[in-house]
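All chains are identified by letter, namely A, B, C, D, E and F, in their written order; residue positions are counted from 1 within each chain.
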Amino acid sequence: MRISIIRKGHFNAAHKLYIPSWSEEKNLAVFGKCANPHYHGHNYNMEVTVSGEVDPETGMLINLKDLRDIIGKYVEDRYDHRNLNEEFEEFKDLVPTAENLCYTIWKILREHLDDKYDLSVRLWETERNSVVYPAVS
Amino acid sequence: MRISIIRKGHFNAAHKLYIPSWSEEKNLAVFGKCANPHYHGHNYNMEVTVSGEVDPETGMLINLKDLRDIIGKYVEDRYDHRNLNEEFEEFKDLVPTAENLCYTIWKILREHLDDKYDLSVRLWETERNSVVYPAVS
Amino acid sequence: MRISIIRKGHFNAAHKLYIPSWSEEKNLAVFGKCANPHYHGHNYNMEVTVSGEVDPETGMLINLKDLRDIIGKYVEDRYDHRNLNEEFEEFKDLVPTAENLCYTIWKILREHLDDKYDLSVRLWETERNSVVYPAVS
Amino acid sequence: MRISIIRKGHFNAAHKLYIPSWSEEKNLAVFGKCANPHYHGHNYNMEVTVSGEVDPETGMLINLKDLRDIIGKYVEDRYDHRNLNEEFEEFKDLVPTAENLCYTIWKILREHLDDKYDLSVRLWETERNSVVYPAVS
Amino acid sequence: MRISIIRKGHFNAAHKLYIPSWSEEKNLAVFGKCANPHYHGHNYNMEVTVSGEVDPETGMLINLKDLRDIIGKYVEDRYDHRNLNEEFEEFKDLVPTAENLCYTIWKILREHLDDKYDLSVRLWETERNSVVYPAVS
Amino acid sequence: MRISIIRKGHFNAAHKLYIPSWSEEKNLAVFGKCANPHYHGHNYNMEVTVSGEVDPETGMLINLKDLRDIIGKYVEDRYDHRNLNEEFEEFKDLVPTAENLCYTIWKILREHLDDKYDLSVRLWETERNSVVYPAVS
């Protein structure tokens, strides 16, 4: 019996979409107001989807407490109340778009999750915009 | 023209995650506060997804009234304001985790839905935790 | 500068609306399916509103961490994953309706909150039903 | 690196589910109160999912401003504050069910979106009912 | 012990904001796209707030089933899947703005609710716009 | 006929809670992780409540388009995708807590709203924390 479990998480962070090797004009043309050099920020929401076989005795796919702890320790505690551009090695040369942030979170969680599980991450930057990795089609 | 229709439903129920053949200590270690023998409860929310071919004349995949009635009669009326562990044969030897409850609901709906439709059930136990059967990947 | 701050909280609990000195028929007639003797349950959500003067130096009405800790320690930890009827002295002779539960939570918080603050509690039993104490008019 | 981006949109419109060549009785029997000849209406919400390869330099799948403009210009501006049955050629002989409307929106967006992207549209007619094209299974 | 209880309700209806004695230009200038003579529509959501004294024996302010039935019978059944301008005497000479509709619903409910209760109605026309009668200040 | 109208708005901004004349230790002790000198950020949501007399001819309290434009021009366009601490005169010597930001928004809107209307502003910093000015009690 193969099932998926979905756990929400969130963190609040500052970022800007800005490529230092580009002119300010090009940054503005491509990234719009997200390129403001003084930063802006978001309440990021996540849905982490883990798929696999249910344990027939406990009726659980994964202990939710363990999943919550992995998300809390490696993602929420890492990024909450932080500046993505300034404080993280992984965004030194990578623009912290929702796409790149979502993929980065997926990689972090993938490392701490047993290989027997499939993993997908959906990340909301605002109520109207979100991304999913891997792609749904 | 193949499409999916998604209908929400909900019910409020009591349950506990508890395996009688285990010691109270082991139940607590595995299920945490969900193992409280006095029960706790949830407002369960569902999304029932039905997929198939749209009727070219009516423009409908399935009459929504029929789908609502099937969900209402066989799932909501069955479980609403009930104790999952105490009042149902199906949970006599099956721990009513979100995973097992979701699969049980899927089996009930599968029985009452025409074979020409594909079926998927997502079940929220809280706003932060949900499961989907069949697995999304 | 007088302002109000609103903090959300939640807990999941089992209860029943049942007056032991009444017949089962009368309980059913008054409380409907909420009278099921085997219990049912809810995901309770709260909004705790605290009103008072903002500190001109810090720009804060109350330290949100303190407010969150009071709600967590005295309400969420108390009622989460519990059976309201069976496990609490305060509901031995008091039906745990949303009204009585909301007022009980208000009394608990009132005791642990500085007298200089006004206090109001809104409690959702389901997404469609909630109560507020004190009354809004 | 293949990812999906999801953008919300909405519009408010009137419609009725009514096949003119049928009797009023047959319309009522099939479409229920949705067949009221005087029309009713909805706040339609959409989630438009676009999938493809992320640009390694900008970290973007598609410029969100472009996606928002396509949805705004070709779907929201077209249908917002309109009567689907009376004012649109595409619904002269097609019942504006959620299914047909969702598919119609998908076709409009498909035309204005680069072929390199995959596309999916979810449409909510009410908070409880939604459809997705293409089907999820 | 005075408390307030809040019950949600909803209905889906068509309307237009249009004063027949005005020119089409003036209607457009004042009501914008809401003046489209072919109608548009909304999913209307309500919160009905009833205030009064809790019954010390039952712990209830009002039987929620009774409140739900009053809202269902006199408001939801009346307006759901209807055209506000065309099908109701009360909007023959009254523009069905959110303000007028909210006040009309308040008057209907006031008539069917015991005088011992205070009453307030909040009505959402869209997720972003709502009105409350009586005014909150 | 006195009524209230409530319009939602939102903006995304970076901020930190930090008093420059205090030591970093004191800032951390009082403001916790909100004191991170590199900033963090939020999706701020607002509900702007305007109260007054409905125009008997149009059935409107205030033209919603005008209210939306005032909120858009003077609040959303001002603060969206900005750094509250670095880019605004009003927060040079005022900590941009939710309380101070809410009051500042209220003052801005008060200036651009006709004196015949009463005004209240609710501001969400996260889904769990919000403030209202003026105080509700």
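By definition in this document, a contact is a pair of C-beta atoms (placed from the backbone, for glycine too) under 8 Å apart; a residue touches a chain by one contact, two chains touch by 3 or more.
A quick note: this is a predicted structure, and the numbers were derived from the prediction, not measured.
The set of chains touching chain C and also touching chain D is given as B, E. Homomeric contact chain D/chain E: same residue numbering on both sides for over half of the interface positions. Centroid distances built from C-alpha atoms place D farthest away from chain C. Ranking every chain by how far its Cα centroid lies from the centroid of chain A, the top place goes to E. Chain A and chain D have Cα centroids lying 28 Å from one another. Here the CA centre of chain B is 34 Å from the CA centre of chain E.
Counting partner chains per residue, chain F has residues 127 touching two or more of them.
Under the touch rule stated earlier, the contacting chain pairs are A-B, A-D, A-F, B-C, B-D, C-E, C-F, D-E, E-F.
Those residues of chain F that touch chain E in the complex are listed here as 1-8, 49, 51-52, 54, 57-61, 63-65, 118, 120. Those residues of chain F lying in contact with chain A across their complex are 10, 12-15, 33-34, 36, 38-43, 80-83, 86-87, 126-127.
Here chain C touches chain E in the complex through residues 17, 19, 30-32, 94-100, 102-103, 122, 127-137, going by the rule given at the top.
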